[in-house]
Amino acid sequence: MSVTQAPPARRDTAGRDTVRRIGQWSQHLPPVLGLAAAVALWWAVTVVFEVESFILPSPLQVAQTLVEDADYLWDNTLVTLWETLLGFLLAIVVGVPLALVVTASRMLERTVYPLLLMLNAVPKVAVAPLLVVWMGFGQFPKVFLVFLVCFFPIVISTAAGLSSTQADLVELGRSLKMNWWQTFRMIRMPAAVPQLFVGLKLAITLAVIGAVIAEFVGATEGLGYVIVASGASADTALAFAAMILLGVLSVVLFYLTAAVERFFVPWADRS
Amino acid sequence: MSVTQAPPARRDTAGRDTVRRIGQWSQHLPPVLGLAAAVALWWAVTVVFEVESFILPSPLQVAQTLVEDADYLWDNTLVTLWETLLGFLLAIVVGVPLALVVTASRMLERTVYPLLLMLNAVPKVAVAPLLVVWMGFGQFPKVFLVFLVCFFPIVISTAAGLSSTQADLVELGRSLKMNWWQTFRMIRMPAAVPQLFVGLKLAITLAVIGAVIAEFVGATEGLGYVIVASGASADTALAFAAMILLGVLSVVLFYLTAAVERFFVPWADRS
Amino acid sequence: MIGIRNVSQVYRTRAGDVEALREVSLDVADGEFVAIVGRSGCGKSSLLRLVAGLQTATSGEITVAGTPIRGPRQDIGFMFQRPALLPWRSVIDNVMLPLEVFKVDRRVARTRAHELLDLVGLNGFDKRLPHELSGGMQQRVSLCRALIQQPRVLLMDEPFSALDALTRADLTVELQRLQMKHASTVLFVTHSVDEAVLLADRVVVLSPRPGRLRQIVEVDVARPRSLGHDGHSAALGELRARLHDLLMTTEEVTR
Amino acid sequence: MIGIRNVSQVYRTRAGDVEALREVSLDVADGEFVAIVGRSGCGKSSLLRLVAGLQTATSGEITVAGTPIRGPRQDIGFMFQRPALLPWRSVIDNVMLPLEVFKVDRRVARTRAHELLDLVGLNGFDKRLPHELSGGMQQRVSLCRALIQQPRVLLMDEPFSALDALTRADLTVELQRLQMKHASTVLFVTHSVDEAVLLADRVVVLSPRPGRLRQIVEVDVARPRSLGHDGHSAALGELRARLHDLLMTTEEVTR
Amino acid sequence: GGSSAAEDAADGTSVTYLTSFGTFGRDSYVYVALEKGYFREAGLDVTVKPGTGTVDVMKLIGSGQADYGTGDLSGVITTMANEPIPVRAVAAIHQRSMAGIASLDKAIDSPEKLAGTTIADSSGSTNMIIFPAYATAAGIDPATVTFVPSSPQSLPQLLAAGSVDAIGQFAAGKPLLEKAAGGKSVTMLPYADKLPDLYGNGLLVSAAKLDSDREEVEKFTEALVKGLVYAVEHPEEAAQLLKKHDRTADETVAAAELTEMRPYVLGDGGSAGTLDRARMERMITLLAGTGTLKSTPSADDLGAYDITTP
């Protein structure tokens, strides 16, 4: 206790600080270990229960496929990634203003929410073929399905964030007679950003799934197409390889969103 | 201004109070109007563009089906409802403790999250047939799929809620040397409940979809089965009727969840 | 400037009603400085919130500059009992907030904000976030934010409660100077009799809950006043003792 | 009871470092009542937080009852500068929280909580939620919560800052009585010199930031003391004046 | 799933059967066998579940979740070439493949007109798999045709909306297609015209069951084939029996499907159900010729050819 050191932040980060200090390398140890454990378990299951490969291929088979078909899989991953990102951005662009509208008045909320819910309740797998009928075989119906899948979590989370602003701060805005837009821009929105990001993190994982579902229908590329195409010929290893890439894509996009969050709201980590 | 009246709550409810005062009946007006508008638009589309009924049946046809097949649809709705609720409860029972574990230490978070994300990234439509292969044709694979679909939003939201407790309150807990469980029970959990409910509201809408997707495969009842089966007779009106019931189910469950929220966290409406 | 006529405030809650204010009437002249004292929970904050238009009285009417209050107005500045700083804004950006709302030129706003921060002894802290400040420092930021508006009517709810004597004395002097300069009308809630007699033209004493007007004490001492030397002057001392007695006795004394 | 040895605290933030405390040393005897005064931002709250084990000093060591502080302890009670009430708990449940944590029988806890609420004048408000209270009422609930623990060491950060003179006087008397009864050791941060001399055995004066020990003033007046009549006694008056001068002058006076 | 161990005199052995896809009219013969009591007579208590395509059916049987099912034999060969699944074919439901290309209003009524068209089909369907073989047999270049994978449900809409020139369909699907297309006429281009050796659907059973309880397999096959023949002979009655199990069924469409199916089931000489080893071998060779198979399975790994003797 003789050197100058930073005090713990006011937030409860007692346990976390310890971890941080051990060093950068150890940050990546737990996920790697966890992943290794999961793969080991998978392997064990296939070996111990002698699971036949058409039900669950062994990690080795899948790894082999991943290596052999690397180029093919990579190209299709990029296609899915692109659709995911476009749809996700579209969902943000539409969802955030919609959340705004919904929180602007109880009346609007009562009118819009049930409709949104109905719309959201339609299973997206059933919608995908319709979108192809309406919009053709291009990228657009895929992007649109991604949008459909992930705009709802964004609306709900953002609306929840916008309508749970701390009472003092809302009152401050009122006392300054801020207009609606100023209240939104200076108070409600910054206060809702942490919650918005909860929605975004959820939405990005759904977005990936949405892209894949869309590619089940009327696509000739993308990871979803790889899954159906390989499923039709019972190439289970290829299907699993595609699903693993999907998982990786999902994880990467999730942590990217989390990184953006940390960049935008460093203060949210404190008070 | 001569009678005794309640002051506005400290929260910003200015616009909302006005609505509330107009009377109970008008509460239900906006959603009804919204719904009517949506149906009218739908009708207009079918008439103006002369859409053929196999692409988009008119509201009249769908209404007719709803009435004629009321018993049949009702029975299948109950099946779906039951699966949805069971899977949803399972997701709460598993998801909330998992969120707890994840927020307990950064290490655990780093280990568990990527795995959860990978698991969540697998498209559920692709999982449904596998579940039937593993678990048979009963209700269980359906319930399990519902669980898979909706536990992730619950984990993410609850974890977000648990780790964003107000700094003062966490410090109060620390100063009383609360143990982990006490901190959770007396401080973190109550503080996270509003966020937990954001997750639950999202999850319940996903749960309905999950049940339907599960019923696409290896089922002989439920709204999902009705949708698939109606394809065999090109009965688009029946498929739409089932989807509308799905929407209604989703809306009802959403508002039920919201009602439970209001019951449990009346204080969340204020401070 | 401010007219308060037969104002009552009843809060309805699940645990029963609370009568916070009963039939309070008060007139405050333009440029007058009125201090409000009274026991904790007697309705001082409620009264200020009513004048600010943040809530509507259960009965009675309030006018500011001749027009009845229907909601918040930009010529009324309000310093809340709690700092209410925006946690994501730095100190300087918090102080500049009102001018941003009123669309004042940013450079002008920044200069004024720096002046005020210097005044309250927070130079060097302008880039910090609120959670990095001590309680008293937060209160001073909140004070700067209220002062930067230069409103016609300034409502202040225990603005110096978290400050030490020296800072308090400095700010008392500065507040008098600013008020005389801008001729603003001030309603000032405080628990300090010293502060009240130093700053106010009149001190309004409210009775315990339900808050009723108990007495209004005129402070007829020349300005600027300070605690330093003339702070112990006979006139001020007497007023202080009188107010002290009023606050320390519970029986009713109606004016 | 409390040993503070060469304690320094530096906060590192994005906007630069802040030296809050520099080489502070202080020994508090068992059952002693020590008041801490100093300018806003001089590190009083930081010092209390260090003693409470809520943060670790940049350098130096703190012991309580002979053992070095490594984290919070249940025999140390802390009343925060801000009320920090749980918004979902009623007043009475907030007060009973510590006893719930310590697993004290609920009935006993309830009785004690009611006694304390009566003491601070909040009877009838036990079922209300914190947001339905005034600022001063919230502070009193927070006070009750600290007192119900009956800890060996009680740390209080400006506990009466939001209270009126009469309530403050009442509570000063009650706090003295309780402290004498339970023989707790108290560290008490305040901005009121009156409070300090009424309550404390010794008053610690900290210098402005970075907080250093400037002077320790012994209050050698018999207890119980009160503002009422002997409040104006010569001994107390002199001490008050001395402390006042210490706080109002900025130059350094080392003991 | 059922097992031969659960022998029960009153109810018979419980077994599970999977239709090839959903509860279409073309799959209704199992309900006929059920309702007419053919299964009961054979001492079997059959539970029918709607299947979701050949590969899914194979996996469910292979993993023991179901005992019997129907799937397209070309699909079975393709799948087994990639991934051996312990499933065997024991009977042919369709003596000739019903796969083909459907278009609106005689747009494509001969193979030559296929050149340069876009065809939608459910991904990995038989129609898409066999197309190269068909094209070769018909003398056109398979590369001039583009296949777009789509979901089975959306195919009629895609065709009717004009999004594609044609769709892959089974001949039995024609009535449903015409209904869905609002009464427009539909032209089928059946592969069987050029590829007479191809079987259509076959009855599948798990390899384990075939080894352990051959007798039950024989009884089941016989009962099902009996139902099959009765269904194509009495389409209206069969449609009504289907309606009893799936109330969403459209009797007219179902009956029409069975009528379409009749020649494919009965074949040339009333040899309903028979599965011939030589034909199977020719089928394997044909499919191997398209160059899409990863390996060439042997006919013995695919089926048992002595369950149904002509």
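Letters A, B, C, D and E mark the chains as written, and numbering starts fresh at 1 in each.
To be clear about the criterion, contacts are C-beta pairs under 8 Å (C-beta built on N, C-alpha and C of every residue); 3 or more make two chains touch, one makes a residue touch a chain.
Just so we're on the same page, UniProt names per chain: C, D = Nitrate/sulfonate/bicarbonate ABC transporter ATP-binding protein.
In this text, all values refer to a predicted model and were calculated from it rather than measured experimentally.
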If you tally C-beta pairs in contact for every chain pair, which pair wins? Let me know.
-> A-B
Reference chain C; chain at largest CA-centroid distance = E
If you average the CA atoms of chain A and of chain C, how many Å lie between those two points?
-> 48
CA centroid of chain A to CA centroid of chain E, Å = 40
For chain A, residues contacting two or more additional chains = 10, 55, 125-126, 133, 167, 171, 174, 216, 231, 268, 270-271
Check: chain D positions touching at least 2 other chains come out as 11, 82, 129, 131
Multi-partner residues in chain E (2 or more other chains touched) are 59, 63, 153, 157, 161
Which part of chain D faces chain C closely enough to touch in the complex?
-> 11, 13, 15, 18, 37-41, 45, 81-82, 90, 127-129, 132-137, 140, 158, 161-169, 191, 193, 244, 247-248, 250
Name, in rising order, each residue of chain D that touches chain B in their complex.
-> 52, 54, 71-74, 76-78, 80, 82, 84, 86-88, 97-98, 100-101, 129-131
The residues of chain A that touch chain C in their complex are 10, 168-169, 171-172, 174-178, 182, 186-187, 190-191, 265, 267-268, 270-271
Contacting residues of chain B [partner chain A, same complex] | 10-12, 14-16, 19-20, 27, 30-31, 33-35, 38, 55, 104-108, 110-115, 117-126, 130, 133-134, 152-153, 156-157, 160, 164-167, 170-171, 174, 194-195, 198, 201-202, 205, 208-209, 212-213, 216, 224, 227, 239, 243-244, 246-251, 254, 268, 270-271
Per the touch rule above, chain E residues touching chain A in the complex are 55, 58-59, 62-63, 75, 78-79, 82-86, 120, 123-125, 148-151, 153-154, 157-158, 161, 163
